[in-house]
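Each chain gets a letter, A, B, C and D, in the order it is written, and its residues are counted from 1.
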Amino acid sequence: MPLDHTARGVYVIAPTPFHPDGRVDLASTDRMTDFFLQQAGCDGMTVLGVMGEAPKLDQAEALDFATRIVRRAGKAGIIVGVSAPGFAAMRALARGVMEAGAAGVMIAPPPALRHDEAVATYFRQAVEAIGNDIPWVLQDYPQLFQVQMPPALIRRIVTDNPSCVMLKHEDWPGLEKISALRGWQADGSLRPLSILCGNGGIFLDFEMERGADGAMTGYAFPDMLAELVRLCAAGERDRAHDLFDAHLPLIRYELQPGVGLAVRKYVLMRRGIIASDAQRKPGSGLSATAKTEVEYLLGRLARHDPRARV
Amino acid sequence: MPLDHTARGVYVIAPTPFHPDGRVDLASTDRMTDFFLQQAGCDGMTVLGVMGEAPKLDQAEALDFATRIVRRAGKAGIIVGVSAPGFAAMRALARGVMEAGAAGVMIAPPPALRHDEAVATYFRQAVEAIGNDIPWVLQDYPQLFQVQMPPALIRRIVTDNPSCVMLKHEDWPGLEKISALRGWQADGSLRPLSILCGNGGIFLDFEMERGADGAMTGYAFPDMLAELVRLCAAGERDRAHDLFDAHLPLIRYELQPGVGLAVRKYVLMRRGIIASDAQRKPGSGLSATAKTEVEYLLGRLARHDPRARV
Amino acid sequence: MPLDHTARGVYVIAPTPFHPDGRVDLASTDRMTDFFLQQAGCDGMTVLGVMGEAPKLDQAEALDFATRIVRRAGKAGIIVGVSAPGFAAMRALARGVMEAGAAGVMIAPPPALRHDEAVATYFRQAVEAIGNDIPWVLQDYPQLFQVQMPPALIRRIVTDNPSCVMLKHEDWPGLEKISALRGWQADGSLRPLSILCGNGGIFLDFEMERGADGAMTGYAFPDMLAELVRLCAAGERDRAHDLFDAHLPLIRYELQPGVGLAVRKYVLMRRGIIASDAQRKPGSGLSATAKTEVEYLLGRLARHDPRARV
Amino acid sequence: MPLDHTARGVYVIAPTPFHPDGRVDLASTDRMTDFFLQQAGCDGMTVLGVMGEAPKLDQAEALDFATRIVRRAGKAGIIVGVSAPGFAAMRALARGVMEAGAAGVMIAPPPALRHDEAVATYFRQAVEAIGNDIPWVLQDYPQLFQVQMPPALIRRIVTDNPSCVMLKHEDWPGLEKISALRGWQADGSLRPLSILCGNGGIFLDFEMERGADGAMTGYAFPDMLAELVRLCAAGERDRAHDLFDAHLPLIRYELQPGVGLAVRKYVLMRRGIIASDAQRKPGSGLSATAKTEVEYLLGRLARHDPRARV
């Protein structure tokens, strides 16, 4: 089912599982997909994102990996990151995964864009390249991509491109941006748009209160994210914060640029979801000290949340 | 007493208190200085840093403000940020504050530097400009300054410049950097150096365990930072993390770029330390929603830490 | 006389002459001012610009230097670069030089600005800081400042701020930008605005044909620039290009970032306009090979233009 | 024949010819190849470089295009740009074109690298990815890639990687860098390395005098570049500069970022080398005014160089 603006809940950012020798680990891919969608309560998955080591896959591998997950996922929505240095590669991957049954694609702006017109033009051209029949997610991650999109520019892009159905919100700080966009929707000056939040979930408690529809991030306990979203939806503010606060020390630890993926894969491995925390080269690893720190955090977390008993 | 490599504890980053009409608030400046140094347990203060709205002061105001705090501080060490677009202004401020009795100065690299030789040359020239008799702090804050200094480059700068006595560590991620530097000191390939940590304190729990000497950051509860440093020094690992974790939701909220200073000033005002949370123009403010979020966080924190009962 | 939108001709970017020991060279300052304004045919001068080593002067020196030139200049217009990391310093210098009789000031955007609203806001705040009674020049130099201002953003800034009277155009490429702005003026959607061109003059031949009012750059033969502007105004296209082309090899050589100032000061010294090519530390110098290259270029130029016989 | 450090002369940067409808124009590709290698006196070609619209081709198109030129080229050396966001794509293209008979590949650093160790590590990993049996060209283009490599870092990379046989030098300014590298080769501290210069050729006159081996750039008169290299090799300094100076106004006009490719393709079309100046979308075009400017420049050039009579 194609993605639309009613999407909500948790679309977990999935890593790409590798064997220690660098091959894609298909068994872990299947197990991870099943865990995320059937046990963890996620509504969908996003693959080949920043945390998915996408550039380390060649074109055929990327399409195969996404296709395998799409097929395994059944009715859950799979979003595929298709950002690329050129529109030919973007189009090829986007058309390929949509034919395979993906729900939509995600596009980030290239780092060189420096003013509103350049950003707006880029997304118009990207949509022209992939075709305006593919629902897509606008990724707003200024820290990584160095492109800043204030609310008015997001509204312009959304208005220009009817096939844009979701904002992946990971500006930082970003709470006022959610409020501004939701305010415009309330007064009718912006059409409906799903807003899912990234940044490792480090502001998800308040992002939900500001009006976000859920999370799209790769924190290694997406089951907690799903529970948090449910608590917020149920108006259980204090319980939501209690849950969030218990996880915050680890959320914070996972949010380290570069190192974060290694932490995430390590925790997923310790939870038994993937077989190995290997990254395809060139990858980063955890030092022995870092591993003891993660274990210490898991131990502390386990006092509050049995899911952390690994 | 001049700063040297034995400095440890908390050197709180002080904001510059303003009246709502934009004048420097001298009474609040004195009250804040007394609170930080006599009640909160800080070992020193750092003024005119990034959070100090330094560029909004003209040259005379900056010198007056720093001098007032130096005089009020008595024996506690005051460090003054002297980063400037040119060496003439840097020298003038550095010589001025040292004559007034400051303990040392802090220098950040300008954003355009893009390779090791350029960075090393810059600091040699800066030391030549201010004079090699002034103890100084090397500020390593790549997120803000866009200059990256891996451990080997820090060692080179420290070795080149005997008057460099401290690293203000706010790389992110940064834990392995502390371990690398401490390892070199253990094997004799790097001379002693104080390492105080910034980044709003968001990794202070583990930074202390990696060998940091303390904190240099502006979190609005420096009394907690001081307690945390003491707990870590006493080997009370679990109690240190318990204290840290209770504050982490607010630490995280304060760490928002741009907005962070507004949160910080608001909390300091609510604690009665400064009279107003005004920023000199152009300043950022807190929305009504943001204020309720801060109050909610203070309320939750107060269940664990009575200092948050405001 | 205050600067206004009718300004045209050549406002030469003046270097700051130093003695080899680093003191400002006042005699050379006076001689240079006289040469530029009385002999070279310049209509004005711009001091404390990027090429003026402005950050190496402290606040008092900068004001003294600008004031001396303003007084010496008589009726010719002196524009003073007042870009600063904070508005306090910007205001102090701007008010100071205007009281001394400057014609206007020039403001560049700080490098961190990344979207239209941020840029527009910055200039509104800058004008509020210096006062809306000071005529000012908008400096558009994306290569150096990393801030991109497409024509629509320039129009917005000019429209927002009635005291903005001139664009210093040094975008690259930039010819279409001039055409776009002049087109809007022709159709009434942009008020009159002086456009003077920088970038070392390397596109001045075609910039004049696109509608520029003249040059604001520091090429060491401003007398040639003034002659070129006159030839263009007189419709002498081929003669203008002949003159320009004869100088282009040296213009190109001067346009090297960093090294350019050393070339410029060397040529001004060889022309007898300033006594020394010294830069205040930290400065760049010319290698012996580079000096022979400049001499070779001067020799070749002298076959076409007797002004190059030094 | 594989590329090695003895390469010299002109390796012209080839555009990718397109039909107006966006298909690769194979007839123009062949005609261009023949012209460059058989008539213009070029020693080789570089395809899929920055000016080659490489990211607009998908993986298969890129390999097909490079292969066609390699086969047409006969014994002349074809270098293929293989820079990619990930090593999987880089390896696939590099292995593919070498199997087809390319002479070597060219690799540029990704923009995010900010210190020496990061840059050196990147190239070690790239060589590991493509295999250390492929001769490669180090592209040093800080203006575009924002990565700065001072001479000592280039030496480190060259020393680390024996398969690096050439530097594409397009730092700006860059003359002293050539002198530094050649000085190290003279004193034995750097092994032999071919240095070909880019930047549109705008400093080729002096770059040759500093010791460069030739040009690797896309100026639309590579026949002039080849003649210039021969004149320099023959010690005909004044004749070399006379030739260069005649072309400099157009060289300068072509060097405009973004617009440059449109100028280049337009001139190649006017010279009858390619059938259309079309760029695959998203492309830039020349305004009517710009075209008249190019025609004017060609007309002026034709007085000195009959090759410009189009």
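We take it that a contact is a pair of C-beta atoms (placed from the backbone, for glycine too) under 8 Å apart; a residue touches a chain by one contact, two chains touch by 3 or more.
Note that this is a predicted model, so its numbers are computed, not measured.
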{"item": "Pair sharing more residue contacts (C-beta pairs) when A-D is set against B-D", "value": "A-D"}
{"item": "Over-half contact-pair match to A-C, picked out of the listed pairs B-D, A-B or C-D", "value": "B-D"}
{"item": "Cα-centroid distance, chain C relative to chain D, in whole angstrom", "value": "33"}
{"item": "Whole-Å gap between the CA centroids of chain A and chain D", "value": "39"}
{"item": "Centroid spacing, where centroids are CA-atom means, of chain B and chain D in whole angstrom", "value": "48"}
{"item": "Of all residues in chain B, the ones touching two or more other chains", "value": "none"}
{"item": "Chain D-touching residues of chain B, taken from the complex the two chains share", "value": "114-119, 142, 146-150, 152-153"}
{"item": "Residue numbers on chain C that touch chain B, as the complex places them", "value": "54-59, 61, 84-89, 91-92, 111, 121, 125, 128-129, 281-282"}
{"item": "List of chain C residues in touch with chain D within their complex", "value": "143, 172-173, 175-176, 179, 202-203, 205-206, 209-210, 241, 244-245, 248-249, 252-253, 256-259, 287, 289-290, 293, 300"}
